[in-house]
């Protein structure tokens, strides 16, 4: 009764706000995903799928699977022609523990989809403070530092106290008990004692990367 | 027994992360505030006081009151020599309703303290959508747009869907019932359907401005 | 010991409050559902099943399955004779994203069960504001607009600021992290800055449609 | 620095969505309120102030106080020419306990500001069920029933099970402990077992009345 | 290393507080359950298992399964000799909807385990108020009424306003969205406007029955 | 506009559910309280006021103040003829700390209003376990034990593990931080490991006493 | 009716668990406090009052005020003979910001009441990480480090990653918005990535000091 | 694209804070776990894996499985040479119910990994108070008592009122409804009326043991 799936892609988004088309795959049906892939192919534009589950990937038609550039750690996939990142990195993606890696990888892949190179630094949680301190000089030279951390979410505050660039905290759902699926880290990041730390939703590596792209946007595209 | 108030100002913060010294006045005693003002004067550096209550201001010694550049709407005060903002504005501070004005003003004053000019646009909540739509072209030309909104927090999402620059949402504590002192707006901003919207704590106009300063930092200071 | 399932259908509900019999299927056992189908058949009245899972449908006896008018997207089923919707639509069901479609479809199917035609408009979330703006004139002519949106729940507020009819927000559980299974959207809808927006429970497309039916009830049936 | 108070009245709201201008007074400064009163006077339109505190009223200039039609129970005030309600009542405002009276009164005054007559029924909480049962026939004849109740919020559900019209629940902040400033009643109303009950924010009598006005809107104004 | 399962049954509980031994089975391993069954058999006392899952039942040794008096709806099992309930019922177990039946059945089975007869009344939720009203005279003659209801939890309040005996509310986890696994009903029950309503944990039919047994305890056992 | 205060006393409540008329004074205006006192005087029935603030008491007309039997610790007042409690106590009111005394006193006064004698035992919190253990024999002989405790709410569980009668927990708002105005104690009481503990709202000494009266009701009044 | 204040001091607590008598003054009436002071004087034991408000202090009889050793920052008072702290410090009390000072002072005063010397280090929050790093060697030599921090609560985690002794986190209520009166810091401390960090209630400097005393207890007193 | 798993073990942690290397296995991939096992083997250090699921264990290469000392109840595994615990026990691990056993076992295994012997006492919840009372003398002689309890979390408070050593509460996720996965027990432990009780995250037996190791650390290692 509700007819064919209504999918209204916002293909002018790139022109309007400078970000390519992207789709949160997880809550969508395979039929909806297929419609989306068809439309973007017809429109001749690349698209980024985030949170594509293994089950969704397996259920797509083989021809679509073959055309996707899929990364299992970040659960992202590119469709269409994406330029290789080039130039010196102006962004870093830092994560506190190995369990935070998928979220950091989602951010890094989103930057790569936009052709922006990034430095990745993992496993530098504050319980072993020396690990982040030995990378500070490198981070101080960058425009944007994305920091993914779960549990107590202490790392973004420590980084924001050490570097002058824009620091974007991505609380992750890593942890248990009061960590409450990332809410403890989220609250800690928002209540940070370091000035100017900004925050995105729990596990939203994609959003952090989009914010970085907004901040990095070269003057000539405005 | 606990001795004289221990106050350890972080006067090198400016060198380290490019932001001047600032103090959240509200939870501090007048004795603590006085010590802070004395130390910064001795150090020859300007300082920004935020959330300075009328009672605190009145309780300060008259000579300190006389030397403060105080703004009652934003509840901020400058001590020391602060340069006039100059150059074309690259930042806007937008607020949804008249009740959000103090938070927006805190952001604008923090930018002014750093010598950064800002465009202020008030009373453009989404219930009367035409109000924000007629300012979009102006906002699209800027690097950073700070958006303060309470209640449902819908304005930052609408703005982030319309402009390419960095959009920083400041949820405010305006509202009642489920607005829960800003928590509804905060959640809405973090869960935004607009890609790349970043968020600071409820009513944290100061933090939003610091994030803008991090993003605007000219390359030569790095 | 607890005997045969006690099922007391409220078959006079239609006479009392003008709404047909409906059952929330999901928490019920197949034995309970079967008893309900038998009783309504005996009573000669149609019934609407909502949130009927694929597992429940498969576990029903084939003769019941054959007699159900089942819609997989909305997870609803009609049993019994249901009149085709007729007349000009006085209601619209609007949804923000493709993931909100099942909730919107539940509302639309509930209206159809009552013989009320509805306009369906999907994928018009506020991150691409032009999508809803181009439908405003159409919506302004209607009595009731049901708006289903998850994540930040911004769409119902925007619609309620643009149209004069009754606007019923249905927050959906679409989203992750602070979206908290629809609670962010719910809070945003209740705290809306648009006057007169009313709200139903998360994902309650059925309830929104019932409210529309209450509002639309023709004077001669009173 | 922040200049004169920016107040952008949405004076076309009446034309756009059929509701007059109204202002939530409580969070506004007296200067802001005065600006608002001046602007609406100049525009020649009536305005409704809600949640006007006794302190705010006392602080307004005497000439403004004299021109306001103020009601202390509902904390509302009208400025400008407001027509007397006329015609048969199509709306009732029902409240559970005497402590819920201010919220019910806010709804009734909002309806009066729009020229819509309403029946008021107080002190009919479900702990003494006979009180509401003896008014059911009267309520069944109406288009809209607004029900204000705090504590357990049971009354709106009971009413919605008995009458066919649109039932709008207004949870109130009456209660203590787990009543949590209205959150228990709010949750109960949203989770109601009565189909089609709609809900507004805690204590939002104004919003409930606006929803009633949207539902009652005569066809010729569309 | 942690050795054999330490299980310290409180077999004197019956003497101390008048309630037989009972065990919440769900969080226990099959090894722990087996140890418990062995110990109580040796001690020659009956035991009540609550929340025994189908998986646990299937995993028990066949000889244990054969000796258990198991009821699938309430997920309870008796081991050992249990007297048939006798005498006139002084307790009723009332439930609002068919989905609340398992919780009501747990209460009824706990009473049966103690030899106490109970009247069971199902499917009498307040959305169809006539259903409970026609049973009020019967309930007014009893000492204790246990009322299980999920969603808005309105039924216990309505019952407590109509009968003079002890009314024990058991909020159930039936519902979705803001019903939040029974928390809306729980809050409504605790915030009830009916005086003297007492409450147990969500879905705790066992606890409600134990409270009834405490209240019913004949004087000669004291 | 909203007319004289509508106050609909439920004077038949005593006949219906065996509890006298009582009013939660705190949220009511002095005008409302005066109307209530007048009506009950006319009806010739006693009334219990709970949570009567010192400000409310002072604002009542002197003739009313003179006629009230007021107790400042429990903040209760009786109006009208109340029989002295007589007979052996069948109820105890136990409290954990001196700060819980007002809540316990509200329960004791409610029992006294109904002519039911009670044993009061204070300052027996579990941090000094010997204090409650030396009173256990006394408590084991009673029908009902009301236990008021804030902070961790451990006392009701300990008591319910030691005595066979009905144990009613009244969590109190004593405590700070995570005690959250009684919510920690409330949750602990509901999640109690002692079987059959029942619970009322935070600080609801009145409700606990009403539940005791329901449980104690002699058979001949039924 | 409720008779003289029942106050049952636990004067054997010192013998039982090695901690002197202490009383949380804030929720107690002046009459209760006076009774407590009288009893401890009669018993010849010292007592520690915590959270004694200025209003309570002023309301005590002058002779009691004169005998109290009162500290306004920590809001504590000693009554009776208290030995001077002596020996090398084995405990440190560290605080993140000047606003956390009262909580740290409560811990330090509690230690002083027990005759235990402590090192106090203030204003070393992680936003200026050099401040704590320059004190690490000193802290590494101690048995217990108490760390009081509000806002994001990052400091206890950083300290626990750097020192081998027992680290006790005291989240403080400093902060606003999502800091939620200390709940963000509390959650962060409990979810800490540093192993073995233990936590007490928000603002509970007294409890942290008691835990330190338990850990420091010399073997000969056991 | 995200390259080989970045795993930065903190192998100097033992030297820095006296605790061996440990890894929370549950959120890690098998590839990450394998890398960790390889690195620690190369470094010649033992490692403790906690929360190792049966699925993870089964997925490890057989040679790794063969080398792990795995305990299924506590879900822990040791790799490398671990000394047998020796000497008199100075720590006890106490648990309230059989369902709390896995958490207590995690604590005991962590102590064993560090060579520290511990007394284990299970099934001594406060509903049968005699069970803990008969072990008090034994517990009073120890330095540290770890107490694991879910549901109402009353046991740690009772223990802390009876023994002089450091008492560490580990709330467990045992329970349902308002027990909310351990949050009720956690809040009760933090709000405890027993002075000096310290708390770790829900189910964090590992953290409690680490805190005990910090407190027990012999002076000569400092």
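Odds and ends about this structure:
Each chain gets a letter, A, B, C, D, E, F, G and H, in the order it is written, and its residues are counted from 1.
What we mean here is this: a residue touches a chain if its C-beta (ideal position, glycine included) is under 8 Å from a C-beta of that chain, and two chains touch if they have at least 3 such contacts.
Values in this document were obtained by computation on a predicted structure and should not be read as measured data.
Chains compared, chain E against chain G: the Cα-based superposition rotates one onto the other by 180 degrees, nearest 5. With centres taken as mean Cα positions, chain H sits 43 Å from chain F. A separation of 34 Å divides the Cα centre of chain C from that of chain E. Note on chain placement: the centre of chain A and the centre of chain F lie 56 Å apart, centres being C-alpha means.
Contact with two or more other chains is made by residues 127-128, 160-162, 177-179, 183, 186, 190-192, 195, 201 of chain A.
Contacts between chains, counted with the stated touch criterion, involve the pairs A-B, A-C, A-G, A-H, B-C, B-D, B-G, C-D, C-E, D-E, D-F, E-F, E-H, F-G, F-H, G-H. Across the complex, chain H is touched by residues 96-97, 125-129, 151-154, 157-158, 160-162, 175, 177-180, 183-195 of chain F. Within the complex formed with chain G, the chain H residues making contact are 16-19, 22, 140-141, 160-168, 186, 190-192, 195-202, 206-207, 209-215, 217, 221-222. The touching residues of chain E, when paired with chain C in their complex, are 71, 73-74, 98-99, 101, 104-105, 108-109, 112, 120, 122-124, 127-128, 131, 174, 176-179. Within the complex formed with chain A, the chain H residues making contact are 1-3, 5-8, 10, 12-13, 24, 27-28, 32, 171, 173, 181-183, 186, 201-204.
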